[in-house]
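Chain naming follows the written order as A, B, C and D, and within any one chain the residues start at number 1.
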Amino acid sequence: MEFDSSYEIKEACGVFGIYDFEGNDTAADLCCGLNSLQHRGQESCGIAVSDTSGPKGNILSHKGMGLVSEVFKEDTLRSLHGNLGIGHVRYSTTGAAVVQNAQPLVLNYVKGTLALAHNGNLVNAENIRARLEQEGVLFHTTTDSEVIACCIARERIRSKSVEEAIKRTASVIQGAYGLVIASPRKLIGVRDPLGLKPLCLGKRGNAWIIASESCALSSIGADFVRDIKPGEILTITSSGLSSDFTLCQEKQAHCIFEYIYFARLDSTLDGINIYDARTRAGAALARSYPVEADMVCGVPESGIPAAKGYSEESGIPFGFAFYKNSYVGRTFIKPTQKERENSVRMKLSVLESAVKGKRLVLVDDSIVRGTTMANLIHMLKKAGAKSVHVRISSPPFLYPCYFGTDIPSNRQLIASSHSAEEICSIIGADSLGYLKISDLSYMTQNLPLCRACFDGQYPMDIG
Amino acid sequence: MEFDSSYEIKEACGVFGIYDFEGNDTAADLCCGLNSLQHRGQESCGIAVSDTSGPKGNILSHKGMGLVSEVFKEDTLRSLHGNLGIGHVRYSTTGAAVVQNAQPLVLNYVKGTLALAHNGNLVNAENIRARLEQEGVLFHTTTDSEVIACCIARERIRSKSVEEAIKRTASVIQGAYGLVIASPRKLIGVRDPLGLKPLCLGKRGNAWIIASESCALSSIGADFVRDIKPGEILTITSSGLSSDFTLCQEKQAHCIFEYIYFARLDSTLDGINIYDARTRAGAALARSYPVEADMVCGVPESGIPAAKGYSEESGIPFGFAFYKNSYVGRTFIKPTQKERENSVRMKLSVLESAVKGKRLVLVDDSIVRGTTMANLIHMLKKAGAKSVHVRISSPPFLYPCYFGTDIPSNRQLIASSHSAEEICSIIGADSLGYLKISDLSYMTQNLPLCRACFDGQYPMDIG
Amino acid sequence: MEFDSSYEIKEACGVFGIYDFEGNDTAADLCCGLNSLQHRGQESCGIAVSDTSGPKGNILSHKGMGLVSEVFKEDTLRSLHGNLGIGHVRYSTTGAAVVQNAQPLVLNYVKGTLALAHNGNLVNAENIRARLEQEGVLFHTTTDSEVIACCIARERIRSKSVEEAIKRTASVIQGAYGLVIASPRKLIGVRDPLGLKPLCLGKRGNAWIIASESCALSSIGADFVRDIKPGEILTITSSGLSSDFTLCQEKQAHCIFEYIYFARLDSTLDGINIYDARTRAGAALARSYPVEADMVCGVPESGIPAAKGYSEESGIPFGFAFYKNSYVGRTFIKPTQKERENSVRMKLSVLESAVKGKRLVLVDDSIVRGTTMANLIHMLKKAGAKSVHVRISSPPFLYPCYFGTDIPSNRQLIASSHSAEEICSIIGADSLGYLKISDLSYMTQNLPLCRACFDGQYPMDIG
Amino acid sequence: MEFDSSYEIKEACGVFGIYDFEGNDTAADLCCGLNSLQHRGQESCGIAVSDTSGPKGNILSHKGMGLVSEVFKEDTLRSLHGNLGIGHVRYSTTGAAVVQNAQPLVLNYVKGTLALAHNGNLVNAENIRARLEQEGVLFHTTTDSEVIACCIARERIRSKSVEEAIKRTASVIQGAYGLVIASPRKLIGVRDPLGLKPLCLGKRGNAWIIASESCALSSIGADFVRDIKPGEILTITSSGLSSDFTLCQEKQAHCIFEYIYFARLDSTLDGINIYDARTRAGAALARSYPVEADMVCGVPESGIPAAKGYSEESGIPFGFAFYKNSYVGRTFIKPTQKERENSVRMKLSVLESAVKGKRLVLVDDSIVRGTTMANLIHMLKKAGAKSVHVRISSPPFLYPCYFGTDIPSNRQLIASSHSAEEICSIIGADSLGYLKISDLSYMTQNLPLCRACFDGQYPMDIG
C-alpha cells in the first residue's frame, strides 16, 4: 500500500505525554516518543512543556513541518525546560498542511495556559464550530482540535477544574479522539467512549507516560501499565493519578485499521499484539485461499507479517522476493505516467535468484488503485517467477471513514468498481484472495471493532 | 540613537492596504509598500489578499520572521492572487517575537474570513482580554491585535455589517491604533479618535491605498489623497468609498515621536512634512543653544536633518564627520564591554580630514544610555576635533509611553537620573543642549500633540 | 553492524556513468542510479554532464553534502543539460568530509575539461603525490582521486588521446579503483587489474551505462550486459564501444567485503548474486554451528539473508525478532553512555510475542565493539527469549584494509583482543559462531578473493 | 551609479591579513576587517587562519557565497583558531560566481600548505595558464589567482624560501595585484610594481595588519603605518618585518577609479584621502561648470562628497534632495521595463519640500546608461524643482580596463555613443558637465595615475 504516495492511506496523528515527578526535563523523552510514533504522521510535529515547580504556569512549545528529527535540533531541545509535556505528530485529515495547524495547540484562556494534542476526528465538529461562531468565536485554524480546545475554554468558566471542563466537553463532542492535555501542572489523557482511537498508560521510575501506542513506551524505556479505558479521563498531578469513568459505556468499537495498517508491529493495543494480529490474518488467508506454491513472500514492509502467517499455516516456505531501498525514493523529475511507474522500481527491486522458476504467494495488506501491485507482479514474472498468487490481508474497503482514516475516495479504489476476479485479471495475478470480513474477529481475537470501512455499519450516527 | 541595538527605541508597526478595482494582483504592490514602511518594524511581516471577483470570500496569506525582502520570494508572491490586500510590518511592543504573532491576523468567524493589521497599542486590552476570557474565549497570541479581532467577531453577531461591528469595537477599545482590515470584498481603514497613530489615503489609477505613512504611497507610484481623520472608519467597496465619522472628536493628540524619530524623512503626516519638522527642530536648537563652531554635523542618519536646520539657522557650514558602513554591522564575537564598544566603530568611522582642527556641533535625535555618544565624541577628538558641542533634537524623555512606543525603561535612560550638565560631562562633550519642550510646537507647526513621554501629560486615562 | 554509527564500516563510494546516443538529458537517470548506490556513500554526491552535440566541450556539474535526494532538487536537475554524464556518491576514506572533496572532480587541463569519479583507494597515492609536489603541482584536495586526475592531465601531454593518458596513468597507480571518466565526448570506465572494486556495463535502448553495481542498472530500467574486466579500459564514444585489455592479468582478488556487507542484496557482482552469497554464508554457519532452537532470526537488515540461509539449512523456522523503525533514529541529546545505548532502542524494538519462550538463533554479518549485540541479546532475554545463539556471517576481521574499506581500528574491534568464547560471554550469548575463513570460498563459489582483512594475505605489496 | 544593478561597475575584491604575535585568535578581527572592505566585493568571502605555535603548519579555512555577516556565524568563527590569518571579499571579474572560486585559495604543495588572497587582474594570466597546462597542470578554478598560486608552487621547488618563490612569480606575472599570502608561519603582502592596486600596513599592539584600504585598519582599532610600496614584497614572521624592494620601479600608475568610486570615503590611499579627493572633484566641477542655483545636492551615496565640494566652491548651499531607503530594495516581480524603472523609486524618494521651486545642481560620480539619472531628474521636476543641472565627478569613461575594473561594455555606456549635449537632452537635464581629465591631477594631488579608462593610455602592454 505504501509505494504509491498519491493514494496512501493517511493516518490521523499520534500523541504522547509525560509527567516526570522528579523534575527532569522531558523534551528529549517527548522527541524519542514521537519518533517512535512517526509512522502515524510525518507532516508536522511539536511539543509543549511546563515546569511544574515554576512560580506560575508557563508553557513553552516548539512546532514545525517535517519529521521529529528534522524539527527538533539539540539547541531547541535544550531550551525547552519542563518536567511535564505533551507532543504530537500529525498527518492532516482536517485542515490544511500548514504550520499553523501543527500541534500541540497552546492557548491562553481564563485560567491561564493550556496545551492540547489530538488524534482523531469528530463527526460533529462542524456543528459545534458553527454554533461557536454564532456566539462570536474566532478560529485561527481549520482543525477539529481547536474546536475541542475552544469548548474546554468555555466550559472552564462554569467548572471547578480543568478536568470538569474536559468532562463537559467530552459529553458534547462526538467521534474519535485520543487526547493528551497539559495544563501547567496537570497531565490529562482522554479517550473517546467507543475506544476508536488507542491510548495507553506507561511508567518509568517516577514518571508517568500517556501515548497513542505501546511502542512509544518502550522507545523511552518505560513499561506498559494499561490501556486507557474508552471514555476514561485520566488526570495526573503531583498527588498522583485519578480517573473519571463517567463517560465509559458498554459499547466499544476499536478501529480495525489500527490492526491492519496504522499501528506499529511491536505495539499491543487493547490486549491485541499487532504482529500477532497480522500473522493471524495471513493464516486466515491461507485457510481461505490455499494454493500450491514454492514460496510465500510479502510486499515490504506492509505485507511481511501476514506473509509469515500464511507461510506457517500453509507450510509453504517463507522467503524474500524484493529488496527495499531504504533511502528516500524521491523520483527525480517524472512528468509521464510511465516514469511515475518507475518510481516503484527505485523503491523495490526483485531478488531475481530468489524468485526464478518459483510459484509465489505474494501478500500485502491492501490494494488501492492496483497499479503498484500490477507493477510488482510484472517485475516478478520478468525475473522468472512461474506464477504469482496474490493474497490481501484485509477485506476490500468500500465505505468512507468519518473518524480520521483518510481512505481514498471511491474513484481511486479499484475495489469499488471491480470484482476480485476483475482485479485479479487487471493486475495480472494468477489468483487473488481478500481477507474475509468474518475473519476479522479471528484476527483481533473477538475485540469489539469498528469495521465500517468494510461493511458500512458505523458505530454512531455520523450526521 | 540607532547604533546601540540593545537600547533602540522600538516602533509599533506599519500597515498598508490596497484595493485595485481593475482586478490586478496586489501582492507585489503590498510588498513594495511594506518595504517602504520597513523602518517601522523589521521583526516580522506578512500580507493577506482576496480576489473580490472570486465565487466566495477566501483570503490567502503569507507571513514570516524578517524583512519583507527576506520573507517574500517571487514564487510566494506569484501564488498570492487577489486584487484586495493588506500588509503589516512588525516590531513587537506587546507579544513575543515569534511567527505566531506576525500579522495580518487571518481569522474565521461567523461571517467568513477576516484579515487585520494593526499599528499601535491599546490601554485597555488587558481588561477586555480578561473579560473575554471570562466568557470562554481562547487566545492564540498575546497581541492587542487579537483582542481587537475578537471584539469585531463578537460584535459582528448583532451587527448588520462588518463596518458596524468595527464601529462597536472602536467605541470599546481605547488607545492608539491605525488599522487596516480586509473582509473578502471590503478594505477598511480605522484610526484612533485622538489620531495618535497616522493613517492616510492614496490613489493610483483605479486603485485605492491606505497606509501608515505617505512615503508608502510614493513607493508604488500612488498619489497622496488625504489623511484618514482621527476617529474615521473608511470603507472601500466596489461601489466606492464611504466614511463613518461618528467617533471623531475635537481633541486630538498626534504622537510627537513620529515627527522626531519614527516616520520616514520623505513622509508628510497630518500636514507636517517630516524633513521640514526635523530641520525646524535643528533651527530651534540653534536659537536656544548658539555656539561658535566651524562645522555642524549630524550622527548618521538620525541626526542629519536637524544638523542641516542648525546649520541654516546658525550660518555655520554643514558637513560630514562620519562615514556610515551600509553593510550589516554585526559584531563578530563580542564577549566584553570593550569589544561591544567596538561595534560602533564597525558602523561609523570618522572622516578625519573633515574634522581635524575643527570646532564641531554634533546633532542627534536623542541620547539613550550615553555610551554611543561618548564613543563618537571620543572618536572625533582622537581624529583632531578641537571641540564637540552636542545638540539633541528632542527633549529628554522621562515618562513611559502606553501607546506603542517602546521607550527604554528609566534605568537605561541616562536622562532619568542625570542632569544635562552631568550628561555633558559623562559623554565628554564641550556643551550639550536638548530641544526645549516649548519648541515642539514650532517643530510641528502647532499640531495638537501627545508629548507625554516628555511631560507626563497623557491624552487619556491610562488606567 | 549498522546501529552503532561511531563504529560503522565505511564504504568507499559508488560511481555511475551514462552516455545516451539519442541525445536525451541524463541528469535524472544519473540521480536515479546514484540513489540506488546510496548505500555505498551518504556523505556527499554529485554529477557532471556534457552535451556531446554542443559546439565545444563543456561540462556542467553540481555537488553537495548529503543524500542524492537532498542535494538534487528539480530546478538543479533541469538546468544540467547533457546526454553524457557521470555521478558519484561518497563516503570519505581519504580526505575530510567537506564539499571540496565531493566528486566528480571537474578539471581544466591542456585538452579542455575532464570529469572523474572514483571508487577505491590507492596504495601508492602518497608517493605519487609527493613526487608531483616536487614538480610543483598544487593540490586542492586531499583525495586519491585528485592524484589520479593529475596523472592523467600530465600524461595527456605526450599521449595521442585521453584513453592513452588514462592507460599510462593506470600503469602507475596501484590499489583499488573503479573509475568513470567523462571527457566532453567520451565516457570511459576503468577497473583495477585485480578487480578489487566492482564495475559493470549496462544498456537501455540506445544508451550505455557503467556502474559500480548491477542494482543501479535495474533502477533506471537498463539491462546488465557484463562486468567490466579487471584491468579493462572501456571507452564509449559516438562510434561505439572499444576496450583496451593491456593491463588485464591472470591474478584477481575481488574484495570479499562487497559480498559480506557493501553491495546491495539485489546486485550480482562478477557472476555472484549477493543475496545468494549471504544465504550460503548462513547455510555454512548452520553446518558449522548447529544448535537446537525454535526460531532463526536476523538483525535487521544486515543479518536477514544469512538468517534465511541458516534456517533453510537447519530446518529451524525463520522468523522476526525485531521491528526496525524506518524513521531516522537520531538520538535526541545523549550525553551519557547509558543514553547512547538507548539509541539502539529507538531503532530496533523486540516483537515480544514472537520471541517469548523461544530458543533463538540470532544472525548478523559482523560484531564490532560488541555493545550493540549485547544490547540486543539483553532486549531479547528481557522479552522472554529462553536462549540466544549468535551466528556471525563473516570471520572476525583482524587486519587493516588498504583498499578503501574503512575497517575500525584494532582497539575498537572486540575480536582483536578477545577470543570467541570471551566475546560470547561478554555479549551474554548462549553460544557464538563466526563464519570460517574456509567457508568464504563456498559463499562466493570459488571466486578469487581478497580476504586480507581476515587472513592478512594482501594481494599486492602495500608499501 | 549604484542604483542600476545590471550596469554597476564591479570591483575586484578586497584583501586583509593579520599576524598577532601574542597568539590571540584572529578570526573575529579578520571578519571585522573584511566587513569594512565589503564595498569592494559582496559576492563571496572567506578567511584562512594558522596557529603559528602549533606543532606543524596547518591552515583552517571557511568560505561562502554572500556577505561576511552572512557567511560567518559565531560557531564557525570560534572553531577557526589561529593567530595568523588572511581574508578576502570578492566580486568576480574573472571566473564565475561560484563558491569554488571564493578565496582565499588554500593549497597543498611540496612545502606544505599555502593560503592566498588576491585583488586585481593579470594581463598575462591566460598565457601563463596555457603554458602551465602544456606542462600537465590541472586547474580547478577559472581565476587568475589560481594561476598565481600555481606559479608560486612551481617556483618553490628551486627557491630557498616562499618569499623567493613569490619574488620569482612576481617577476613573471603582469597586471594589477594586491596579494596577501599566509604560509603557516608567515604573513606576506605583495603589491604590483605600478601600484595599480592599493595595499597598506597597520599595527595594533603586538599585531601587524595588511589591508587593501586604511578603513579596514580603523575598523579593528589598528593604526595606519604606511602604504606597501608598489613592487614591495613584505614578509612578517615571528622575527619581525622584512621587505624586498627588488621589483620596485620608478613608474607608478595608481588606479584612478579607487579615488572616484571604489575606495571607502574614510580611507586614505597612497597619501590621498578619498573624501578630500571627491570633494576636490566637486570643487573642480564648480569652477568648470558654474551655474546659478539654489541648492547643490548629491545622488546618495555616491554623489554626496562631490556635491559638498561643489557647494563649498560655488557658495551655493548644500542640501538633500533624496531620501534613501536603507532596506534592501529588491523589486518584487518586475517583468516590464516600466516596472524596472520603479525600482529606483523603491530606493530613492524625493524630499519634496526641500526641492520645490528650487534650481538644483545634482551631482553624481558617473552616468552609465543614463536611465537612472533620467528617472531622478523626472522625479525632481515632478516634485517642483525649477531646474536640474547635472554635474558628474568623473570624465566619461571610454576605454576598457584590463586590471580588474569591470567597466560596462561600450554598448551599455551612453557616453560611448553620445556627446555630452545629447546626453543632457536624453536625461532631461538643464545642463550637464563632466569632470575634465585635466582636473584628475588636482583631484588626486598629482599622484601618478592609471587613467586609461578615460584616455586609453595604458601603463603597460596589455597584450
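Operating definition for what follows: a residue touches a chain if its C-beta (ideal position, glycine included) is under 8 Å from a C-beta of that chain, and two chains touch if they have at least 3 such contacts.
The shown structure was predicted, so the numbers you read here are calculated from the model rather than taken from an experiment.
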- [ ] Any chance you could name the chains that touch subunit B and subunit C both?
- [x] A, D
Task: Any chain in contact with subunit A as well as subunit C - done: none
Open item on the list: Rounded to a multiple of 5, how large is the rotation, in degrees, that superposes the C-alpha trace of subunit C on subunit D?
Closed with: 180
Open item on the list: Taking each chain's centre as the mean of its CA atoms, which one is most distant from subunit C?
Closed with: B
Open item on the list: What's the distance between the Cα centroids of subunit A and subunit B, rounded to whole Å?
Closed with: 49
TODO: Return the distance between the CA-based centres of subunit A and subunit D, expressed in whole Å.
DONE: 61
Open item on the list: Could you work out how far the Cα centre of subunit B sits from that of subunit D, in whole Å?
Closed with: 36
Task: Listing of all chain pairs that touch each other, if any do - done: A-B, A-C, B-D, C-D
Open item on the list: Help me check something: in the complex, which residues belonging to subunit D touch subunit B?
Closed with: 27-28, 31-32, 35-36, 38-39, 42, 67-69, 72, 74, 77-78, 215, 218-221, 264-266, 268, 273, 275-276, 301, 304-305, 308, 312, 317-320, 323, 325-333, 342, 345-346, 349-354
Task: Footprint of subunit C on subunit D - complex, ascending - done: 99, 105, 107-110, 133-140, 142, 146, 149-150, 153-157
